[in-house]
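The same subunit A turns up in both complexes below, where it pairs with subunit B and then with subunit C.
Now for the complex of A and B:
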């Protein structure tokens, strides 16, 4: 019964949104808009719950002296600072200059520093890849080496030849692989979504 | 009070007015094409005689043995559900990968529950955390191992893709079985390396078109592109629905709590949290 109710709700919601995509109707648009508003509300409620749980977990860690107390203190301090900046009297919420400064001066550089590690970790992963599955990793490394050579900042005729080669690689083989992957993913997404809703219960063993 | 005939006439009139006040957004041909595609897909899926292939994609069939070895050695299992989430500001395709990762999490959770291996799930999205918690609860109920449920945890690690990568790197430690499933971006290799590097057996899956190299390089079993979604669809259908019900119940209670607290704050003259939460 529960499965039937959930499947029915999902089907009705999906059909309503698809109809709103296909048909221009004020009532339909309002109903679809209300559904989207409900989704925003649900996400906001879950975000508050998640943040409270995260804070409570680290408060317990600090109180019990378990885990990394310094890390927990930093996280709790960060949460307090952002909440104070966003909710203090006179604040404009997420658009407040204090919140914007915290994001631009602290969060964005920290995130950029983490993403900068990608190159180093890719090298480490390549090393492990050669040890575990040499053939596939060799193909990937060779392709990466070719692209690096094509993108070398050279001038003159060799530079022009490399630049035209890089353009061709991006426009033909790379774009072909990307489109193939995306088409395959799109087809299986549609099938998977329908199967999640419509297939009867079955065990995986 | 109108009789049945008048009631039917009114209903038909309302329907006629609604249809009369509507117009096709995309034109006749594209609309018919989209509806035909949906009909064909549904007929393919619902056809009772259909048989879906049962290949061992991503070497998921090896997980039972890997989990048994983890139980013998006293190791744990860890799953990261990527960095896209369900309610985060990511593309629909990325978020759908998180939903597709839940059946895979259910598979890991059931094998871990049977083997008695503690499982730790991490995510950067609170809605995904609710769904993951419901999936774990469902796995322990299905395997009749409620006494082992306390050993398995779901951790919400905070908002942001960088947070996922940082948490995976800072919390890197040996696991018996480790898995990453779901949408990932440029930080994918950081999550994969931090989560899977020291695992005895690992599987990684993503349908992100720009990130197929990470699972191939780092994991023992790889689910690339459509493979992630195909594996999820082949594993199970029923548990997914049960997990959805449990997660939906928790979401509804959370929403009611936020409504009540927000209303109380507004009545008391405090800040209006609705605008802050919705970012308006």
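Now for the complex of A and C:
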């Protein structure tokens, strides 16, 4: 399909959704609603397709003995356990107690533990970073150290002073930099999208 | 002789590996031990709760503004990685809402959020919260699903008095007196402000979010697009302490101040040691 066709579809879809947000019109609302339904179906199809592709990939890995067979088997086993718990006859799907138990007793603690390990990995990475990129790492480590000091959970007047400092850092420099980044990212995305939509592809020339 | 030499090398390698791993394991054991030491909320030396209470008061006021028997939608789209940071805050909010006699409905627009919501609903049912919250399930399509929910939020299978009340009020998001958005990395309160805010400007939106989302969401609180926001661990602990009614109120554990302090001091020590090594021109750290 020529890119101009894709671009035209994207433009019409986007304009319709924006117009629906700005103008109260039943016909426009119905058209935007229909498009939205398509988007929901597309997202659901993509999610199911992704899960099937992931399962098929790891089944191939196990069959061929390639990659990490143990890892693939754990992943496939996990998928089977959750699917059986949620789809077996009499199950209430994702609200089934078996699924809820799998999430609360296994999945959530495992994910939280892995996330908590980033504390150690980050410290290790910073130590190595000093050896590889000393200047950049020094700036990052200094900023991290300041924030850590400001967030120390101390009581009394020193604790209040630190907490005030942390609030100021969050509200002024951090918020300023973050908003600048957001605006910058927004401008770049808008320009890239406009370029993609409006400039003809070389193949189209 | 060669076998002996290989054995010695193996032993040396094992000892070297143990030496590398020992500090991390020791730190984890110390942190686990520190978690077991109870620290009183009014301890003069250690305090995790924030002295700044305006955001906590904001959420309490938003919940207080919901009429008794009102309907609140809990949009639970946290992610498994960061949910532990806001779990105590979320559970405190659920306790707060229940204490006001507010009827709850749960919905999720992300798979991870749905998994967490199912577990939280199961916990609420086991604790005997009345009336039992309505489960509006998972809506696919992320932001597109969110837009779709504005008109219709009730799944086909929804039944019970809360579902009937939502239906009687139009069946869409406008049926609710407040939406409490429990945010995660996939779908945050920002999506609600962008997609739902312009379409339902009268619907109050409150949010609980992990710290990394605070810089993104704070401007919406200042502009009034969010009615309330709790987005740091300290605010969450302040809120949980503010609504604590009794020790076993099923909010789940709040983070331990002593363990936090030890972890932070360890991080500072590691940073200081690495910086000193760099300044003195020491060898590459491992």
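The definition used in the following text is that the second predicted complex is superposed on the first by the 197 of 205 C-alpha atoms of A that agree within 3 Å, B and C clash if a C-alpha of one lies under 4 Å from a C-alpha of the other, contacts with A are read in each partner's own complex, and residues count from 1 in each chain.
The working rule: contacts are C-beta pairs under 8 Å (C-beta built on N, C-alpha and C of every residue); 3 or more make two chains touch, one makes a residue touch a chain.
All figures in this text were calculated on a predicted structure; none of them were measured in a lab.
Of the two partner chains, subunit B is the only one touched by A:136; subunit C is not. Once chain A of one complex is fitted onto chain A of the other, the partner contacts of A:56 are absent, as it touches neither subunit B nor subunit C. Legend: residue contacts after superposition of the two complexes on their common chain; A:40 is shown touching both subunit B and subunit C. Of the two partner chains, subunit B is the only one that A:24 touches; subunit C does not reach it. Applying the stated contact rule after C-alpha superposition, one finds that A:75 touches subunit B and leaves subunit C untouched. Once the two complexes are overlaid on the shared chain, A:87 sits against subunit B while remaining clear of subunit C. Applying the stated contact rule after C-alpha superposition, one finds that A:184 touches subunit B and leaves subunit C untouched.
Counting residues of subunit A touched by each partner, subunit B versus subunit C, the larger count belongs to B. In the superposed model, A:146 lies in contact with neither subunit B nor subunit C. Contacts of A:114 after superposition: both subunit B and subunit C are touched.
Annotation: subunit A residues 21, 39-44, 47, 93-94, 107, 111, 114-115, 126, 128, 178, 182 touch subunit B in one complex and subunit C in the other.
Those residues of subunit B that touch subunit A in the shared complex are 18, 21-26, 31, 34-35, 38, 41-42, 44-46, 87, 93, 96, 99-100, 107, 110, 125-127, 129-130, 142, 155-162, 165-166, 169-170, 186-187, 189-190, 192-193, 197, 207, 209-210, 212-214, 216-218, 220, 225-226, 229-230, 232-233, 235-242, 244-245, 248, 251, 254-255, 257-259, 271, 273, 275-280.
Of all the residues in subunit C, the ones that touch subunit A in their complex are 24, 27-28, 43-48, 50-52, 80-84, 111, 114-116, 118-119, 121-123, 135, 137-142, 144-145, 147-148, 151, 198-199, 214-216, 218-219, 232, 234, 257, 260-261, 263-265, 267-268, 270-275, 277-278, 284-286. Within the complex, the subunit A residues that touch subunit C are 21, 33, 36-37, 39-44, 47, 93-97, 99-101, 103-104, 107-108, 111-112, 114-116, 119-120, 123, 126-128, 130-131, 134, 138, 141, 144-145, 148-149, 151-156, 159-160, 163-164, 167, 170-171, 174-175, 178-179, 182. Residues of subunit A that touch subunit B in their complex: 2-3, 5-7, 18, 21-28, 39-51, 53-54, 57, 71, 75, 86-87, 89, 93-94, 107, 110-111, 114-115, 117-118, 121-122, 124-126, 128-129, 132-133, 136-137, 140, 178, 181-182, 184-196, 198-204.
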